[in-house]
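Shared chain: chain A. Partners: chain B in the first complex, chain C in the second.
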Partner chain A sequence: MSSSTSKLLIPLHVQYIQSLGESKDDLLYHLTAHLRMNAIYWGLTALNIMQHKDALSRTEMIDFVVSCWDDEAGAFGAHPDHDAHLHATLSAIQILIMQDALDRVDVDRVVKFILSLQQPSGVFAGDQWGEVDTRFLYCAVNALSLLGRLHELDVEKTVGYLRQCRNFDGGFGAVAGAESHAAMVFVCTAALAILDRLDEIDQETLGWWLAERQLPNGGLNGRPEKLEDVCYSFWVLSSMSILKKIRWVDADKLIGFILSAQETEHGGIADRPGDQPDVFHTHFGVAGLSLLGYPGLADLDPVYCMPAKIIERMGLRRDWEALPRKTE
Partner chain B sequence: MDESQSATTPLERLGKLLIIPPLSIEVIPGDGSDGPPDWLSDADQQAYRPFLYVEGHLGVPRKVLYKAYAVAVREYAKLRPSPRSASSPIDAERLAHLSAVILLANPAHQTALNTRKQLFSSGLLDTSKELQFLSALLVVRECSKESLLWHHRRWLLRRIVTTDVVANARCIRQEDTLRDTVLSTETLRSEFAIVAQACETYPRNYFAWIHRYLCLEALVMLARSPTPFQQAYRSLLLEEVLFARTWIERHISDYTAVHYFCNMHLLLLRQEDIPLPIDAARTLDLDHIDNLTLRTALYAHAKSLLASYPEHETMWLYLRAAIYICGTPDVYAADPYGAHDHGLGAPAPSKLLVLTHAERHRAWLRRAST
Partner chain C sequence: MHGVKRVRYSREALEAKKQKEQAKLKEYLSLNDDVLAKRNAGDWSKDAFDLTTRVLHANAEFYTVWNYRRDILINSIFPNSSPSEVHDRIGDELSVTTSLLKQHPKVYGIWNHRRWCLANIPDGPSDTDLDGWRKTIWNKELYVVEKMLDADARNFHAWNYRRYVLANMPMKRPAQAELVYTTRKIEANFSNFSAWHQRSKVLTSLWEGGQLDPHKSKEEEFDLVKNAMYTDPGDQSVWIYHRWLVGAGNAYDILQREIASIQELLDEQPDSKWCMESLVFYKRLLLRHHARQLSEADRLSLTQECLRLLTGLQDIDPNRRQRYEDLAADVKKIN
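The block that comes next holds the complex of A and B.
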């Protein structure tokens, strides 16, 4: 490993995130409009963890979030004139909380939107058109919790669906019957953590499945016999952190893998070494490093995937365990 | 000359070609400036430039597609009606073209797909054409793994079977499942074929296999229902058992297929009545079909594949899954495979890998029995 990737290049990654909004004429910018709100949340969270939370303009960001309000639906879309969706709505709430501007949200309307999306089986749709997925269930539970309205949720019904998604290997899929996948394991585990129902998980078996995601090169994959990818540093690690089994992963090897995926000229982190970086992998790489105790980073709450300090202040901290922060 | 040839801009031409719809779509490298090959030199083909359109198969140069996309999103933003459900027929046609181009370049563009649902609900799009358009899209690599498109397929399938307006309105609130949808064997066979293609295009295709599973759930229910078509459904179900088993044999790193096959067994074994046709035992090389023979056959299949491919983690996981489905305590009590011995016999480069898998399997057995 070259010396240039033996540490986290924080100033470079901050610059990378700052540069993302600049090329508005780029094809890539237009091809990613449908997830702009999510991208801003990824960027802002990464900046917070890297202790540069003011690197982007607060007022511009808040104005953008507000401009994505879909008044027909009573929720947020990913971009102005994009339809409301649960995922974009969660990201909007998370951004506004991190920017201390939650007063800009019509909470009653958003709660109504979220609750209207629960299906008879207990799963949530992402919007009125009905695609269901445990990812949307997590978005709903997380958002309601952040808005202080979790008590309005039918918890038994929600947990009932999660139970149906549990596979024999201890993992969870996107819908009942789907293969275990680390991203879905995260959303189901975190949702159950918020609902105080971790008893629904066979924690030993799931911990085992999660530990088996680590490959000889130190990276983590999302399913058996798939390639390693930096984003699983978050999905897998946060689940293990919630199950208090983070020590079942070889931390040094994983840190080495994440650092080797950095782009050393213009910044950002890619899915694996040599590939193009993007804000998604930058965020999840930094998030993983924070959970692994990498020095110089702020603590990340693995349940909400937000700065731990903010979640603690809101009284929402659950019983999870990250590795202790190393000193430089 | 047909409509798509007389349209003036590449965006207009592409939009009209996409809503025919084509039988297949391929995004090809380049910008189409070198024109169609000589063997396609008739006037019709020249008029489709820069696109290729031969016997229903559409070729779209990548650079042209992205340029068209950039224009399409701007025009789409201007044209979207407010409220969303109100479109004049002229605007509706244009929205259909624009949203088709947008989705080909960016299959995750949810809002464009929502527009198509709105057009459909207003009676301005045709079910079978929309299903064909989706079939063509789902073979394009970047599109084939997009969960939105698979959901859109099921959304349409639920509407094929309910042409009456009242039932249709109820459908909109209906959950994303095919369990209570009466699909014909031809429709199910067609869905299975599209999923198989998408999984060849993009291995371990997560949402394609989910779609297959949801179709399978519907099929198993129909095979258990006493209708005039019960035997036809049972025959199709047997075909599907063979398909899944063969797929695993040909894709030995495909744990998604293993998961599917095991879940298939859980569906078949859920009730006493195993909904397979009378000749199933002969086809599956079994004395007779019952709970025990099916589970035993699953375990034997897993064990034999593991013996052939012990370097593959998937094969070890297949055995674990089979052990779970067979599920008696004594199965856990011993290493049923003798994996360690096999490891010793493996060729040198993979010996360490095989032994690692074997050790892990033993540890898993010990953990499972405590």
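The block that comes next holds the complex of A and C.
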């Protein structure tokens, strides 16, 4: 590893995130329009954690979010003229909360949209077309909680579905019967944390399964016998923080792995060393580093995947534990 | 973005690449603008439908365009078609998604559209055979998903889709056939945890449904796993599955037998982390559930053996050192 990647290159990553909105002559920028709202949430959260929350224009961002409102559905799409979707809606709410502009949302309509997507089994669909999985269940629980409307959710029904997704290895899958996968473990664990139902988890077994995600090079994979990837740093670590078992992986080696996936010329973090960076992995890499106590970063709330300070201020903090913040 | 290698371009090369991309970009932007304009205007014409095909080939993740395409099918094409034409149309839709899946096997929207197609097969071909079309099409799905799993045996989209098809097809396949399928996948590659996982689900349903004798079938599973353990003791898939087979560890004899068998493997492979880790786990199950069958001396030696193994694990598996320390503290506390 070269000396230039032994540190988190904060100014470079800030620049990288700023540059993303200016790459409009880049085909990839347009091919990912269906993820724009999520990308802004990833970028803004990473900036918050790197303590540069004002690096993007607040007014422009809020205007963009509002321009994605789908008035027919009563929720947000990922981009103007794109259909409303639960995932984009959660990102929109998270952005507006970080920008202290939640008054721009018709909360009643959004709540109605979210609740209308719960299926008889308890799982949530992502939109009216009915694709279901635990990611959408988490989006719903998280958004309702952020909006202060969790009491309108049928908690028993929701937890009942999560129970069906639990596997013998302690993990959770995307739907009932599916194989455990670190990203789905995160959404299910975080949803149960929000619902105060962590007793549904076999914590010893899940802690073991999560600890076994770390590979000899320090990186984490998402399932047994798969390759490491920076984004799993967050999916695995957030779950471990919630279970208070984050010490069960080697933090220094994982920090080294995340840092080695940095692009050192133009900024950004990739899925693994040598690959093309993107805002998704930049965000989840920085989020992972924050949970590992990397110096100079702000605390990230692993349950909501937002700045911990904001979640605390809203009175929503759950009982999780990250590694103590190191000093330089 | 996953698995896209970073390429360093010289300034000239970058400029040339940009130039080349400009034409593509212009074409994509005009497709994008056209399709959204038609959608906003509520255009459900054949032209609009064909446009969605082109856009989705350029960008299979564009969920709004998938939605628009389904809107056109439901509101315009299906109502103006005979059942047999709808049936053919569903066939076309499935073909479109098959070719897209070959290029993008992990795009949720494509799998999702396929599910929607299956749910929209009309009754037919005749009044006396209302389920005929459904049976034929659903049966073919298993073939398609097997091709996908041949290309990537760990693709969880494909496995989830497979389970969805098996659970919802109008003419159910015997669960035994799925057991045979997982055997085939596991024998091709012991590391395929997706197949082991599927096997645990299939066996559970066969045992619960009384289609297999749990005792006999478990013994066969222990044989299969033992074979896999000896082939590659470092492969965690097998050890995780073994843990499922042992379960809560209520069967004293099985627990003792498995401990002995793992001990034997450890004697051959003294550095095997998974042997050591599993021995700790199973010995702790013995202490927890079968203390009354053990003598005081047995209990003491099991405890000491666990602590010795945990010390060894801290050395050979330092990533998880803290976990082993916590387990050791727990062993000391309980015993």
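General observations
The criterion applied here is as follows: the second predicted complex is superposed on the first by the 328 of 328 C-alpha atoms of A that agree within 3 Å, B and C clash if a C-alpha of one lies under 4 Å from a C-alpha of the other, contacts with A are read in each partner's own complex, and residues count from 1 in each chain.
As a working rule, a residue touches a chain if its C-beta (ideal position, glycine included) is under 8 Å from a C-beta of that chain, and two chains touch if they have at least 3 such contacts.
Here the structure is a predicted model, which is why all the values come from computation and not from measurement.
For the composite obtained by overlaying on chain A, chain B and chain C cannot both be accommodated without a clash.
In the superposition on chain A, A:119 makes contact with chain B only, not with chain C. In the superposition on chain A, contact is made by A:274 with chain C only, not with chain B.
In the superposed model, A:72 lies in contact with chain B only, and not with chain C.
Look at A:23: by the touch rule set out above, it reaches neither chain B nor chain C. Touch criterion met: A:253 reaches chain C, while chain B stays clear of it. Touched residues of chain A, counted separately for chain B and chain C, are more numerous for C.
Once the two complexes are overlaid on the shared chain, A:207 sits against chain C while remaining clear of chain B. Once the two complexes are laid over each other on the shared chain, residue contacts for A:34 go to chain B and to chain C alike.
With both structures placed on the common chain, the touch criterion links A:263 to chain C but leaves chain B unconnected. With the complexes overlaid on chain A C-alpha atoms, the stretch of chain B that clashes with chain C is 132-140, out of 6-14, 132-140 or 168-176.
Once both structures are placed on chain A, chain A residues 27, 30-31, 33-35, 77-78, 81-83, 85, 127, 129-131, 167-169, 173-175, 177-181, 208, 212, 223-226 are touched by chain B and, in the other complex, by chain C. Every residue of chain C that touches chain A in the complex is listed here, in rising order: 1-6, 8, 18, 21-22, 24-25, 28-29, 32, 36, 39-40, 58-59, 61-64, 66-67, 70, 108, 112, 115-116, 154, 156, 159-160, 163, 167, 191-194, 197-198, 200-201, 235-237, 240, 243-244, 318-323, 326.
Remark: chain A residues 27, 30-31, 33-35, 72, 77-78, 81-83, 85, 119-121, 123, 125, 127, 129-133, 167-169, 173-175, 177-181, 204, 208, 212, 223-226 touch chain B in the complex.
Chain A makes touch with chain C in their complex at residues 25-27, 30-31, 33-35, 77-78, 81-83, 85, 127, 129-131, 167-169, 173-175, 177-181, 207-209, 211-212, 214, 216, 218, 223-226, 229, 245, 247-250, 253, 263, 265, 270-271, 274-278, 280-281. The part of chain B that touches chain A in the complex is made up of residues 66, 69-70, 73, 77, 80, 83-84, 105-106, 108-111, 114, 117, 147-148, 151, 155, 172, 174-176, 204, 206-207, 209-210, 213-214, 217, 253-256, 259-260, 262-263, 312-314, 317, 320-321, 324, 360, 364, 367.
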